[in-house]
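Here come two complexes built around chain A, the first alongside chain B, the second alongside chain C.
Showing the complex of A and B:
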């Protein structure tokens, strides 16, 4: 994308700022030359390799392990089992607030899910450790596995997602249904899905007395350092996490897991550095997943298509021993206007690893069901799906009536539909064929995602040469954080981005918050912005109080920072460079610091959401049922765009996850054993290049003066929402077959 | 047991003693030769992150025993750039944002170079998508990857033409 191809309005520059420019990634050269260092690339001197042995049953206990055979293998140094596992300072059966789950770290012989660690083998080489783990030959006492809705245990969860209430109601749902002229009811199911970041979870741990250095991919540095400190009984400042690059995270690298803790423990036990990297198969268990859901939607409508009541119930699967309830039904709360809304959740205990947040947790599964249900309601009313959605457009947040901080959804509908050519869509299904006789269908879905804000801190140092160093302990798992955050800092400092050095991805920097919930750019960005402004304010104070400065006395009218110089606001010809100001003051540097959080009034008084509209075309072989997405157009409004090149990539990534959710991804459990039968990248299908058609993402301009001073919302997850429903609805439009179970399969259409 | 192999890695002749016949080419590169640019995503030939060129052909280093490259020439991601001068495929990946997290990127780039050199794809994006489908990108940077391969192919054939002239 060249700068010329970006429309001026999208650049949204502020007094000479570079924010809004489609810069290429700062870490681009490192990533294309193989010099970007991921956790498992580290190799401290004297390092040992640890390999976990994992359970092959879903429920029961380990009755024996052939530790002697493993130990006898050449190169094996130690075998850690519940019998000799050194103590931990935090009870792993207790959750670690705010986001920590119960973990399995060889505390006992109980098996709660397949791929649970049951021993750790440490050896001089990876080959020896792998062989040692294979020699353990575990024996089990096996109990019947709870694998699905028919044999899992239902319960009423006290909370869903991360501490949200399980039930939210506005208005009288049954009165709303009674006043409807028709009610459409259907059940939708979504499968267990696994993050499958390309980089397997890994840690290289090296102890020095009671200090430990951890090379590991991590989405939440400060939080994790504190949690590891509790597990190992050391002060948080003694834990140094280095995570300069993450090979994808998608939520799975924000929360502590058992295997990584065991790797760190082994390093302390053996007093040598230890590397532990999970195999791909071992990622299907202890590192989280998107739990399966069974969702029922009831939508009451009047003759004109207006919704009178919307009831969304989700039965969400979790593990037998901990709770992460996919908050799927809450997807129905913020989007369509309805006098009565009810979102409620039930839990289902299965013998799996505990689920966790996975890109758009709740929103992805909930949107998939909601957007198909809306399509079905539109069909029942004989209305075009876009016209139906516009008839139910919410001008304020449904239920709460809060104003939106900004909402350009109508523009998203308009621009997406226009680009896609939606207006020529026939209402009835099975009306279109391509030149090869394939059935063609068009479907749409609305995208929506909330805008969380995490507390974050940053430091901005203006240096004697007029350049700056900015620091915050953030995480770049591929979003482009290093680039976007530098752009934000440069804007605040009145510098070009290439004059700004960014340090991040290490836990001894100011807390950059969590890279999750699509909130990292806004959260860490705001901290950097504030730190930059603090530095500029100090610099201004120096200049305007110095008689020798051309800015002397400008304190009242103020100064503007631009291109490395401070200018008088009322007379921009009077200016002085940062370097000159610092030199005359004999200052080596000026350090600005900031903490940033969202003012409670902002969230209390407003609905803070990003929006979008996704339009999909699918082609279906009428004889074979083979489906392909042939076109996908998304139009998204998410506040101010810091870097359109990176934002487009985020939208594309989300939309491809939508393709995956709709047509490909599913962990399949053997109902007899509870084992996942496709725990690898050949059988657990994720899109490859040939699965992805030409994509378009329209960056709809949206100015938001409320959400934060940057005007930034978030873009990392919204692309998944809307897309799944759009594709499913397009499959219906092509074939006339309404499939309510994801992923949609060939056999569903035959 | 010690096995000795002779191989050329990124243009440099190497004589390597391997103490364990189980070592894969991927683990040889990563754990013993400090060439960590080549990545391990699945260790069973399903994701393509470990793609390297052996005698100019694309192979999954995880499915290749180290001892089997005796006498062969191996090119990894570290062997592409000449100092600060990036290979055209590397430059095109940056320009077209053909990656996000970067973990699959070395494998994508090696695959792209292999398929351009083999001239299987021509300038047909559909063929490129098909032939790049052995390399999984979970971030979903496929559009940029396809554009990058197209542009790099053009740049490389222009360079070949001007070199020949």
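Showing the complex of A and C:
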């Protein structure tokens, strides 16, 4: 749909202003003309290049490195190994909550996964550093690698995701199963997926005494500055992170990793600026990934399709030395009404790098399994999958019985189904063919995502010329924060967006919080909104207490800010421009500041969730098994939409990742060695343009007065959920073959 | 990166002379060689850049209707050459189904013939690979080998040849014209690639210093133009190597097949010409029954080399489909998705 066709409700601004407009992104021209500066584009004078040598075994220890050969290579300046690695002020074996994992920074000769850094070579050129690393010719003492379910070590994790409990139960699950007329049980598996952001992780580090400047892509500026400060024993304010643009983040750039720390350490050791940029292959290990899962779902249903019990168990892979358990089973908690719910997780220790957040961590894998299981339960009941979902529609949050702050899922179902044409879908599989004889199938899935809120701060400065500078240390990973945050600030300030200059992406600004969990627009946006309101309140105070102002005596509540002027609310013809108010007061500027967080009772009293419904059409060649998604329609309700163009892009991005998850994406690990055999973009498949069919994302209106003052939920990740299941269900509907292992492959359908 | 000498050759003879230096490689489009150098699989001491040699970028039509394609003709330029695409439509279709538009714009004809297998163990210097290091072993044999060879493999190597272009070329009796220290010669493309046997490191028939200067397709193969297709199964719609592929071409006269050309891709260390199947189709009425019989013959000697038994059945089916499409006739225009079983239209129609 075109942005112009967005519902008028979504285009209403608070002060008759700017939010809701489908503005193009502010950084677009810079990016398409190659002028946006990414971390690795920086070349301070005297810069050296650092390259990590990485392990080719998954488990064991390094017994020798030919440091002499590497050092003898022309251009090599230094080789850093555990033998000479300078000390760090933080023990890398200690986690640094909330998102600090154990990292590998050459603390010893132990090897715990493939592609772990085992040395760092620093040289005058990238080529010399690369060859130096190759010349190290490591020897190993190798232990058997744990690479899969059959040889990994199962354990009971103390927590899952980022500190959630591993087991959540509501009602009596076995009693619920016993009361069911049928129980549908199946196991589903999802593979390890690795971060392949367009921009690999990089850092350019330059020290000046005990101060360091880091050019690096980063999703959590203040948090990271604090963490680097701990590693290097300096005050947080001595760490300056510059991250104006990220070439994608997806969760991997919110978390510290060994290679970047080593690059910074090398710069301090050698007293010269150092650049370290990972190769594509080196991203398959130390920077987090989506861990593999094996999920079992049991769904008890009555004859009318109502769920009596929903049991979701996930065996989630993590590393041998740290815990990031995909909270996949929790996907079954907030969605379908059931008197009994049980979500539980087991861990599986493998000799891999530690997994971490990757766009919809837990939700993506969990939704994939849940939505196929729901389809199977509907099939067992002889019901249409949409009717089955509606029969189990949760009016309050299942288990907790909390009211939803808002929930327009029914509208998502209605609008998505209508647009897709779902009502003509035959119940049985293998009933549709197209004009070329290809099998056609239709499937659906429900999308859901929580709405986190991170503490954030902002500053809004009204300037003498009537324009504003707004500042928050946020992150634009490509989602359009530069644009949407400016729109929110402009709205609060009663200015047009082009009169608002936004500074972001650098750590010496007020803490913009984390760009993650789909919470950045709400979190940093609310801080900007509050800072803007603070500035306007100060400006109003100036005007209404000044006898020379037409607003004199109106009081703070008596004015409204619009298009750079304050108006009396009771008589809008009486107004004065910001510039005039400031000039008469002889003020060069007014600075508004704010901190923003969510009040605890909002989350305690309500379920805060975005929802959606995704409908997929696939075509399958009946003889050859080749599949294509030919249509995807998603309808999403995520509170107020600040910029429909950007929101639509987020939904599209999520849905395309859903295609990837369902049909393509998978790290292929050698079962004997733990080496990832497709660690490049030629063989690690993600969709190309030709794989992406007609996509539609419907922005379903939803007003939420509870989630936050802005009414904004989050849109960054929800598009992945629902989509994977919808595609898998469509493949079943086309072929009659139920594939429970992702990604679905040609041979599954032969 | 390992240090190496870089020499830009002005002529074929200069390049050949330069290659007398041990551990030399020729560099043309660089779409494969440079990648291999970056990941440490190729570590040459001398790189001889042949990309600026004059006279190797021409498409020349012979008096008898055959064509001589200079080794430096870009894949894209060949595929979009009007006369070439009309005369050998399935070769153009194969070219356009390969790699991505960017790669096709850079990759040369000779380089396409010389590209290395995509076997992940060949690409991983930490793995044993008899093809990369003679006698080191084959980690693919017991490894992740879902896409490996089902024909012509040996215990020492189960890699496949990745080219699309070469599949119809083999079917059409193409010849490789090479120049070397001892003069020039033609090699049949079918014989250009060695099966692994016990010497998988012996990949091609090229002798030290020999340089591909042209690929030639004989005039007789042009007779198949009305009924020639290339079909490719892959796991994404572009920029993916074939799971299996098939070039099929027929000459049909009076309702009977007069002659057939069939080759499979993605199944063996070389593009796999299926002469037995071709012979079985001569004098036969084209149709499903005949095609299935031919396909069974073509795969009679196939054996899985690992977790890839499905490729045998898939190869049979794709051959039947490719022959069927060939029988139906070469499309008037190149399909929007060349070599794909999917047409460009969308939309569902109920039949039930």
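The criterion applied here is as follows: the second predicted complex is superposed on the first by the 741 of 750 C-alpha atoms of A that agree within 3 Å, B and C clash if a C-alpha of one lies under 4 Å from a C-alpha of the other, contacts with A are read in each partner's own complex, and residues count from 1 in each chain.
Definition applied: contacts are C-beta pairs under 8 Å (C-beta built on N, C-alpha and C of every residue); 3 or more make two chains touch, one makes a residue touch a chain.
Only a predicted model underlies this, so the values are computations on that prediction, with no experimental measurement involved.
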Which superposed partner A:29 touches (first chain B, second chain C, both, neither): first
Touching partner for A:127 - first (chain B), second (chain C), both, neither: both
Which superposed partner A:438 touches (first chain B, second chain C, both, neither): second
Touched partner set for A:682, first chain B, second chain C, both or neither: both
Which superposed partner A:709 touches (first chain B, second chain C, both, neither): neither
First (chain B), second (chain C), both or neither touched by A:694: both
First, second, both or neither for A:427, with chain B first and chain C second: neither
Common ground on chain A, meaning residues reached by chain C in one complex and by chain B in the other: 127, 131, 682, 687-691, 694
In the complex with chain C, residue positions of chain A that touch it: 56, 74, 127, 130-131, 134, 281, 424, 426, 431-436, 438, 440, 442, 617, 619, 621, 623-626, 628, 630-631, 663-664, 668-673, 675, 677-678, 682-683, 685, 687-691, 693-694, 745-747, 750
List of chain C residues in touch with chain A within their complex: 1-3, 39-40, 100, 118, 120-121, 124, 126-127, 139, 142-144, 233-240, 243, 310, 313-314, 317-318, 320-321, 337, 341-343, 345-352
Residue ranges of chain B touching chain A (in the complex, touch as defined): 20, 22-23, 27, 30-31, 34-44, 46-47, 49, 76-78, 80-81, 86, 90-91, 93-95, 97, 99-106, 109, 126, 128-130, 132-146
Residues of chain A defined as touching chain B within the complex: 1, 24-25, 27-38, 40-41, 43, 125-128, 131, 196-200, 245-250, 277, 279-280, 477-480, 645-646, 648-650, 652-657, 680-682, 686-692, 694-695
